[in-house]
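Multiple structures follow.
Both complexes shown next keep chain A, but they swap its partner, so chain B is in the first and chain C is in the second.
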Partner chain A sequence: MPIDFLYPEYEVVRDASRCIACRACERQCSNEVHAFDEELECMVSDESRCVNCHRCVSICPTRALKIVKTDHTFRENANWTGDTIRELYRQAGSGGVLLSSMGNPKPLPVYWDRLLLNASQVTNPSIDPLREPMETKTFLGKKPTKIERDEDGRIKTELTPQLELSTPILFSAMSYGSISYNAHESLARAAEALGIYYNTGEGGLHQDFYKYGANTIVQVASGRFGVHKDYLSAGAAIEIKMGQGAKPGIGGHLPGTKIVGDVSRTRMIPEGSDAISPAPHHDIYSIEDLRQLVFSLKEASGYKKPVIVKIAAVHNVAAIASGIARSGADIIAIDGFRGGTGAAPTRIRDNVGIPIELALAAVDQRLRDEGIRNTVSLVVGGSVRSSADVVKAIALGADACYIGTAALLALGCHLCRSCQTGKCNWGIATQRPDLVKRLNPDIGMRRLVNLVNAWTHEIKEIMGGMGINSIEALRGNRLMLRGVGLTEKELEILGVKHAGE
Partner chain B sequence: MEEKVYALGERYIGAGLSEGTIVLDKVPGNALGAYLDGGVIEVHCNAQDATGDTMNDGEISVFGSTAGYAMRGGAIYVRDDAGYRAGIHMKEYKEKVPALVIGGRTGSFLGEYQAGGVIVVLGIGSEDRQPVGNFCGTGMHGGRIYLRTEHLPKDLPEQVSARKADESDMAAAAPLIRRWAEKFGGDAKALLASSYYLLTPNTKNPYRQLYVTN
Partner chain C sequence: MLKEGRSAAGENRIPAGCAVSSIFSRSGKRLDGSEIVRSISIMHERSNGLGGGFAGYGIYPEYAEQYAFHVFYNHQKAKEECEAFLNRHFDLVNLSKIPIRKMPQITDEPLIWRYFVTPLHTKLMESQLDEDEFVVRCVNRVNTEIDGAYIYSSGKNMGVFKAVGFPEDVGRFYRLEEYAGYCWTAHGRYPTNTPGWWGGAHPFALLDHTIVHNGEISSYDANRRCIEMYGYNCNLLTDTEVITYIFDYLVRRQGLTLEEVANVIAAPFWTTIQNRPPKERERLTYLRNVYSSLLITGPFSILVGFTGGLMALNDRLKLRSMVVGEKDDMVYIASEESAIRVVQPDLDRVWSPAGGEAVIYTLDRVKGKTAKGGVNRAH
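And then the complex of A and B:
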């Protein structure tokens, strides 16, 4: 037996008394875990291929299947954990860079869970959102520094272009290529139905989806894939991608094998050619250079659309954001280190970047200190998992939240973190037509609408409890937050008091 | 049509222009003809950085020197030299094959990350040395670079292969060279009679980070 033999991580447990050998699991599994043994006349499994995506479990008509973590183990060691040993064996056997997908799974602090929200008692009574109007409408873009009046004393109401959201949530950038046509259609239609926005990512905009342009943010990244005037004109806003939370400082490389059919047409590159988006924009070495790209996009789109600059949350994020705010950008999007991805080197995903909670608090404070907070809106992402996370983000100073992983979960993702294989059994992170058709865009759209509506109800409920009836009054209202189990330094950066203070 | 007067060094002239012609006699600022979509721009002097950035269609002629970025279509003709990073990130798709023709020499990183399209460097006046700076074709994974020279760059990356262009290779470049000569008054016949190197991505040695699924 080779030294780097790795025992399968999961076991497929098949209840023989329930299994009717209908072979549905076999047909559904793109990883080819299940097979029918003609001789034994029963189903058999090859667990080594299993990614624990639950497709077979969900589809089994007799509930005969479950996937469990194997109890096979290395000798216990708190330093050399099983994962660490397995990764080392993989590399020693292949010489390869470890490649993972979705967000950082390491047990690093989740500050959302260390922040608690306030509610009114006795004084400043709470508001019942079922009875009274609650405003979650959000505008993203530059806000004027002062009120100006015309000669008749009327307030001038002209603003630079704004994005109007019915609720402070947007679907974050996921390219067509990294996710499927049906996933994009679901996101686009849900964004339209909800009065919010989805984001094309850097793979261009499929011809069929131009009709959702009013609810689309089009992305421009270093490779400039699918970027042309019609594309820039199609969206409601243009996002310049400088970085991504899952892999700060790392570019994208979609291999030629995935550049097929419509993906090739949408990216505007030939079938089978690699799509390389290097980490740097080769024309951006400074804030002044960024300013040039911001304004060239504004020139080309007639100053009708806000420009978003998206960065990963890294160590000097506050200073970087301050520069971006001065670059002419209307909105800054910050992506925290738990943000998802279709593929990233494991070591980058798990070790580079900082938590979005700290980045957001630092950026908001810095922009306030410099008196320029109103010149940009802040959108944060990088693992916003629930309405409570949204409320906490807004209280920390965000204008709105990007949700990516949460949206994919709504579409059926089971977080098996195998996107990089392109064999997604749920029809999301794949281009295989037989798999893509498993995701029904009618259902996908409905589930996304359900999710965002449910969160919006919860946001209103939480705001009502605080005695706040407008999301504006919650924005940057850190008095509504208390930390629990945090150090002085963490509280200082977050700008919140400890519970009990 | 009312003639617009552009300031010396004005940026973004002709950004996204889809039709019409702009003629400039004063040096334009950065990002001239960015996202150009069919318009024609003639510059009777030098141009600055990011000329034709992400242009999709149309034509830019520079009767002087300049630099450029990601083209997706259309053509840029430069009479004299180009600076650093000319023609980087060029893409092509079906009939959209962008072209960049440079009469003189270029700075470093010519055709960096080139994914498609045609770059021609005529190297006029630099016949005794390589007509491009360092790191030519770094990251190149598509398209073609023609260098009119006997001096092949010595630092071409492993992922780029070079050969003397034969007659069939020149088919893609010849019309561009003729057009350049027509514009700027060169001897197309003599230029075409010279020897060219053709640089293309080395398909046997692509950029591939060896990954192992984790």
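And then the complex of A and C:
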């Protein structure tokens, strides 16, 4: 049907004067964009297959390649945009649900960019992190409301289990299966080297990675894939995944083509079978059920691990978080509507949920209004893009931040948003051995360590400028923030003043 | 009388620089207030005339069992309302104007009254609170609900005297030479704003704890938002108010010792904690972790007065000056050594405490507040 013809979104521009026909691009492209034309004796491209992942561009030894957005266009229409029309044609042709990957790309407000940070002048000295100690160590977990003393009057120092982080950053949940063995190895080793944590996601824990257990958060999601006693005992904490920012209210679907070999064994499901996580946990239809699962997991792990409950940022997030705080959870993780995913229905990803900045501000304030903020820690993600976002999140009230997309970018992801195809040219979101081996875990780990170290340096620099020398004095310190270009209502929800006030 | 920080643009916190001084007799010898006035006046340059104040301990022996309320009223109506409230909740043993000396340097004074009170037995029983908590809640209610009334001193056998002006003038205004106490603290304020509010001068007090403070804390909003969870309202928008509540919360409600409070608000660095013996390391880690939102950063030197003792504490980087001097049973702590030498040139010992090092003195006969008598230097 000619109606279904869609002109490629991107064009491959090849500079013939530079191309030496080495065919590296052809070998590197899993989407089979490039080919050598024997008759013409030159490289040709099929742009219709291109996802704009920049693999060929990066690898080309003569810099002969670039990818440009096509100027081919529909008749201009502010209402019926090209994307909207294209998606409609695809659905009319297939009858299917549109699938997308990574975070919501729509031009919706990014509140991080509307918040500005403070610095000391005159009345209070700024502190130079090169000359003075600057502390980022963070503990996550429940704090007691009363101290207890022994018969000699000494404080009893036993606490419910806590996570200790050298810096307030964690790698967020990405399952083995949705991402590759090498990506997982990079995350696990980086977490260990950095003194932070990574998260298994709902894919179980590969036998090879049990040795990184002290820096691992093991996830229990609605499909319960890969969950068994040793798994629960292997990690430093257990996370119950109730929701994900990219797809609140729905489950997950890892296609059978990715359930191969070790992925199948780790998930404890047959090879080639689709791994379908139900939308709800079928043993949690209400808050009291969540409490039972929290305590079941604590029982199963001997009360030695903090339990995290992860939810998507939705409209009623403050009340939900308040319920979770009373359910026995030690940590609440909130995932904003820009959070990434290996695959989600496009309409859900782009239209469901709320920005993490607003959700965080509302939750932190609600927990304080109820006097229970210290009984639980708050970790936020989706999406935290830089050290400045981390600082702003902590000033709004977070204890720490989850980073997912940022970590994948460090590993080489170019945000082509095609993870669902399983043909990731960077060896991240794929299970094809020839592609996986492109990601060298030694390099991957080093780049993750570099990224988090760089951010930590920046966090220290920003804190020092504010005259703050320990991260806990920044937490919830909203006077360090000012809004710019925000409405009264937005400022009220964020709990910050406008710049100039 | 406009409360400071209230402007057309909204509520703003006022940063301030300052001078502090204190004199303490370990033997409990009572000294009149003229010495402390002399001490603070030498640091005239550290104040700008927008606030000065004093706290004296042991000054009301004849009413030692009653809570002494010092109250500012903006107008007669506030006084009537407040007195009606006090009559409903307390037995008023004595009330009077606080004696003052009219002088050109101190103007626009509010009505300044003093009440010696005990909670009404029936009200106290009904509230199911202990006496101190009952008093705290009553003080809080007056200060937030009765417009124009402000109870700024509420302990037993102690009192706060403060005003807008230079501290030496404030001392003369309140005729401090007519009071005698075993401990005096003083404050000269250098706020960076337009004419201050009398209530905004230091010391800040809740029950018998008084705080004078020099500095600006960068952790203010983190501390405020934490302490407000426990029923405190920071409506004066000054750093010192929040520190006062932190002390009340940690000492009275959480039962921490003053050394432990110092370990919370001016916690040792993690690198320091790491090198401590295991038991000590666990204790310090516990305190930092559990009370992490009460860590105070930014420069401060504070003097905390309490019944039977005095504590001095600097921020952990020592970003504000503070000097301690001893002579026989007398202890002097001030922002500058000059403020000590002016009243006692001949000292047995003089030193600057390190950042985060709590210096605590108690009366020789009072035990219990701290494990040891005399001086404790916690770090």
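Here is the rule we go by: the second predicted complex is superposed on the first by the 497 of 501 C-alpha atoms of A that agree within 3 Å, B and C clash if a C-alpha of one lies under 4 Å from a C-alpha of the other, contacts with A are read in each partner's own complex, and residues count from 1 in each chain.
Just so we're on the same page, a residue touches a chain if its C-beta (ideal position, glycine included) is under 8 Å from a C-beta of that chain, and two chains touch if they have at least 3 such contacts.
Because the structure is predicted, anything quoted here is derived from the model rather than measured.
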*Clash or fit: what happens to chain B and chain C when chain A is overlaid?*
fit
_On the A-aligned overlay, A:Glu32 touches which partner chain: chain B = first, chain C = second, or both, or neither?_
neither
*Look at A:Gly95 in the shared chain and tell me whether it touches chain B only, chain C only, both, or neither; answer first, second, both or neither.*
first
*Touching A:Thr157, do we find chain B (first), chain C (second), both, or neither?*
second
*What is the C-alpha-centre angle with chain A at the apex and chain B, chain C at the ends, nearest 10 degrees?*
110
*Would you check which partner chain A:Asn469 touches, where first means chain B only, second means chain C only, and both and neither mean what they say?*
second
*asked:* Going by the contact rule set out at the top, does A:His228 touch chain B (first), chain C (second), both, or neither?
replied: first
*Once both complexes sit on top of each other, what is the least C-alpha distance from chain B to chain C, rounded to whole angstrom?*
30
*State which residues of chain A lie in both footprints, the one left by chain B and the one left by chain C.*
none
_Contacting residues of chain C [partner chain A, same complex]_ = 9-10, 12-13, 15-17, 192, 215-216, 218-223, 225-226, 228-230, 254-256, 260, 267, 269-271, 282-283, 285-293, 295-299, 316-317, 319
*Residues of chain A touching chain C in their complex?*
120, 123-125, 127, 132-133, 135, 137, 139, 143-144, 146-147, 149, 154-155, 157, 159, 162, 368, 371, 373-374, 397, 466-470, 472-480, 497, 500-501
*In the complex, chain A residues that touch chain B*: 87, 90-91, 93-100, 222-225, 227-229, 232, 253, 264-265, 268-270, 273-276, 278, 282-283, 292, 295-296, 299-301, 345-346, 418, 420-421
_Of chain B, residues touching chain A in the complex_ = 11-12, 15-16, 18, 30-31, 34-35, 37, 49-50, 53-54, 56, 69-70, 72, 85, 88-89, 91-94, 96, 109, 112-113, 115-116, 139, 141-142, 206-207, 209-214
